[in-house]
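Report on the following structure.
Per-chain residue numbering starts at 1, and chain names A, B, C and D are given in the order in which the chains are listed.
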Amino acid sequence: MSIRTEPVTMNVGPIHPSTHGVFRMRVTFDGEEIIDVEPVIGYLHRGSEKLAEERTYTQVVTLTDRMDYVASMTNNQSYILSVEKLAGITPSPRGVWLRMIASELQRIASHAVANGFLINDLGAWHTPLLYMLREREKILEMFEMLCGARITNSYLRPGGVFMDAPDQFWPALNRFLDEMPHRIDDIENLLSTNEIVLIRTQNVGVLKKDECLNASITGPVLRASGVDWDLRHKNPYDYYDQISFSRPLGEIGDNHDRFLVRIFEMRESLKILRQCIENIQPGPVRPKEVPFLVRPPKGDSYVPIESPKGELGFYLVSDGGVSPFRCHVRAPSFINLTLLREMVLGDKIADLFVTFGSLDVNMGEVDR
Amino acid sequence: MNTVMDSVVFKFIYCHLVSSNECVDSFRILGSGFISEKYSIIGFLITSLILILILINGALVGVLALIWGERRLIGRFQARLGPNRWGPWGIFTPVADAIKVMFKEDISPRLSDKFVFVLAPVLMVIPVLMIFAVIPFGKATFLTDLNVGVLFILAITSTNTLSVLMAGWGSGNRYGIIGGLRAVAMLLSYEIPMALAAVGVILMAGSLSIIKVIESQTIPFAIFQPLGFLTFLIAATAELNRSPFDITEAESELIAGYMTEYSSMKFGLFFLGEFMATIAASAVIVCLFLGGWRGPEIIPSHFWFLIKWILMICVFIWFRATFPRLRVDQIMELAWKALFELTLINILAVAILMLIWPDPTILELWIMTGINWIIFFVSLWIFGKLLGPKPEQKDGVSRKIVLQK
Amino acid sequence: MFGFGLIKGLWVTFKNLIGPTFTVQYPDKRVGLFKAAKYYKQNPFSFLKSHPIDGLKSIVGQAVIKEYPDQFPRFRGQEFNWYEDRCTGCASCAKYCPLGIIEIETHPGENNIQEGTSYDIDVFDIDIGRCMFCGICVEACPFDALHMGSGFEKATEKREELVIAVDELRSADKRPSTWFRPQIEQSSYQPRDKEMDDFHDIGRHEKPTKEELTERWVNER
Amino acid sequence: MTKVFSGEMIRELIDDLEPESVVSTNNDSVHIKSESALKIFNELKNKENCQFDLLSSLTAVDYIDRFEMVYHLTSTVHNHSLVIKLICGEGRKEPKVSSVVSIWKGADLQEREVWDLMGITFENHPNLKRLLLWEEFPGHPLRKDYLR
């Protein structure tokens, strides 16, 4: 006897608990097995690139905050580096160190959120997520000390940062650096040896090295597949060339490797932060001669940086005016979505969300 | 009727209603009953109704308490406070929840199968309430002492599979259908290890009556046969659709699974049924494995039962706060490849031990316990090796994170 | 052994069960006797005497006291602080606002003739319903007349009420944030503790002495 | 440190691969003929001393009198990068280039985005549909002549 079956097509999203925003997938199931996935994006499209063409170079900083709202400091950094290259501004050393501290803190926060939500997609009742958010909260508080906002920072300016760190920032940072390793250990105890997490994530959503590179996938996802490609190391921007750190590399490139690579990168970021604190010297945070209205000469610039999600770069074209002629964002989470279909084909429904979560996609950045 | 009269509570109410020879005078506080013995059946019915009323209301209050307790406790597990605004320590939060649920708009989708859609939540609650009938809440405090009590519980709990399937099918929603089908697959599979785990208990007790099971627990069966306890606990968690087996609801995958289209009081009934099932299942586990109301007689037996009951519920909440969800095929694998065999091993071990010591003394009981624990660890180790996570990939690539200097 | 990782996980959650919580309660929280007495700055006995009802509640841990989350002086809040005496009506803030939500109308004024002619402000509307609190207007202000506020409780039911008009700006509490104002931050100023009413204290320039003013305005001419 | 090719170096490199396809040389980039683009990209990816395996970024710029495609290529093997530009079509009418999806899969979503927002047609793209905006959307918003 044969049972007649037929595939079911279902809309997952745009309103769904684990699509991390307004992402929509048109999924076709055969029983529990996925036979087709088509991502549909654009529900959060705000036209940031067009808006940037009507704003001055300083005002665009506020737009970049809102692209990847989990990692706005690195967005600022990438944009500012592009502007500095375009306008030929030499930043102040203290400003550069400060923005490195800010971006490494942001990396920890972003990875914490990514891993927390990944485990939430696995179905843990928000517990690891809340532990991660607890640590992120401390980082956001430090951001509030630095720049008066927790998420939409707008802390960086062409030439450095807008204001020196207040006195209370340094003790808070040191306390955080002392506490954080124990918190990461806690999370590892809770999850890294947990048999349920292991059987759920291992050998699921495997990305091979070549596929990854060919699809322009960057960041922790690429490193989890075993490619040693970290722009902080390979193409050091700011003062990353003065800092020694190691890059965690996975071997297989499945969801578990991506999870572990993020955990290890949080530890490495703590190391970088310690070296930043050792190296930072008093001085001005921003050169006096940088005007409020930057007018770069004609030309274009593209400075990719290693954001928590991957290679993030702003391609700016100037026509000599006060606002960019064209501003293109190379958004890592947008491009990391390229292989989503190939990753989940043949897996079960439950794995779809775990794989999607392990890519660490931020819809604000995907749709811009 | 005789077994019913063993219950203190029943006798107490009954003797105030009926003037009967069965009643000992010391039981009466307010004088003798007003119904003559000829019509004692009326008194019997009225007593039953009163007790049912008490029990159902008690169960509802228990659900409210559980909602509050679960939210507070999960809050604390997650290093936050939980609801604490409405009333002292937030104890009125479930009341507010109940009021909110009642006043929500009752929506039934156009594509739904109306009859099935409405019937499903009702079917969810009734079987759970029926479990309470056979649970002894203390020494000589029970509604009825069914001589097939364990069988009754196993039979009754399996009907909520039907309710979940009806809800999933009736709502005409694809998430609902997937949730309902998952539920059928999972709940039916876990009936078997659950029943087989109970067999170990029945073997030792020599009776299907829950009172007899409790009385036979000189050493609580949780300690005596850890394998049986573990499998029963896991199977019960799965039967309850609680984390880590909540694939039927699967918030992060199926939104709310079979409950997706339900709103208002229909949703409330599902909620009620689920929480009541947690309470009932904890009571069953306490009776079968933790010695029921037995305990040192410093405090009354009812309190022993209550303490064990609450602790058992807390363990369920603890599991929910800690474990991620299993995938559907892994859940089936666990049921058929691990729990099924483990329960068989347990039955075999218990049976052989009983053959060796047909009438064990306390010392012999402890020796049996020790042997059972050895079997427990050995079998867990073997099954972990066979079914646990494999560190290597299929083609033999070893897994490690390399720190590139 | 299989299951060991699960037990480790259970242990971590149990540690957090008995550990501290990280919830910040706002706007009030319930406390026991000692904390309530500390809040009212009394010892427990005199607190029980002076607040009998609160005292009884506090014995079961139910006394209600006000609670605010930690806030740092640079916090960019609502309720812009504007010092009319410092404002020249140059409209830099309106120009640099990325959203164009500041509206300024001026006319040549009679004030401050000594320091050069300035403009009187007729209209100074900030539509904080559309504001994203980036603080670029504050950064652009050349005379430190406009400051970010430090409040965060200005919730209303209508969008129109979110437009801060000039009168409201004039009369509002002056609790400026230290965003982009290092001169205030150096004096370790906390917005919640005290108001900054005097427009002389707020600027980034030294307050001129009388001699300097005489030198500048009398002797040089 | 990533070795960034200057315009002259890129011209030498491309002249080796496909002579006379460079139109003009800038400071840090070259313009190439759009007809030979696909062939050049293929060579750049596969040739031993190039191995540009990572397509960093792909975008288009509306220079009012022309549309330009900009390709940022990186090699993770040799750790060097270069910028290649090409002018799409004549003037503003029907800009068209050949798709590079067959070479780099990563161009898939980026080319769809460029088509969506800038209106440049990619020949041989497997699935050239609008991405961020809906199908019925009039016009291409990132063009300079787009009015609301």
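Just so we're on the same page, a contact is a pair of C-beta atoms (placed from the backbone, for glycine too) under 8 Å apart; a residue touches a chain by one contact, two chains touch by 3 or more.
Note that the coordinates shown come from a computational prediction; the quantities given were computed from them, not determined experimentally.
Of all chains shown, A has the CA centroid lying nearest to the centroid of every protein CA atom.
Two chain pairs are in question, B-C and A-C; the one with more C-beta pairs in contact is A-C.
Of all chains, the one whose Cα centroid sits at the greatest distance from that of subunit D is B. For the pair subunit B and subunit C, the distance between mean C-alpha positions equals 54 Å. One simple way to say how far apart two chains are is to compare their mean CA positions; for subunit A and subunit C this gives 31 Å. For the pair subunit A and subunit D, the distance between mean C-alpha positions equals 25 Å.
Centre to centre, using the average C-alpha position, subunit A and subunit B are separated by 44 Å.
Shown for subunit A are the residues in touch with two or more other chains, namely 127, 131, 134, 190, 194-198. Among all residues of subunit C, those that touch two or more other chains are 2-3, 6, 9, 12-13, 16, 22.
Residues 55-56, 58-59, 61-63, 127, 131, 134, 137, 141, 144-149, 152, 154, 162-164, 166, 168, 186, 189-198, 292 of subunit A are the ones that touch subunit C when the two sit in their complex. Contact residues of subunit D toward subunit A in the complex are 1-2, 27, 53-57, 59, 61-62, 70, 72, 76, 79, 81, 83, 104-110, 113, 117, 131-134, 141-142. By the touch criterion stated above, subunit B contacts subunit C in their complex at residues 73, 75-81, 84, 88, 318, 321-323, 377, 380-381, 383-385, 387-388. On the subunit B side of its complex with subunit A, the touching residues are 74, 77-80, 174-175, 177-178, 182, 243-244, 246-247, 250-255, 320-330, 384, 388-391, 393-394, 397-405. On subunit C, the positions that touch subunit A within their shared complex are 2-6, 8-9, 11-13, 15-16, 22, 70-76, 96, 98, 132-136, 139-140, 148, 177, 179-180, 182, 185.
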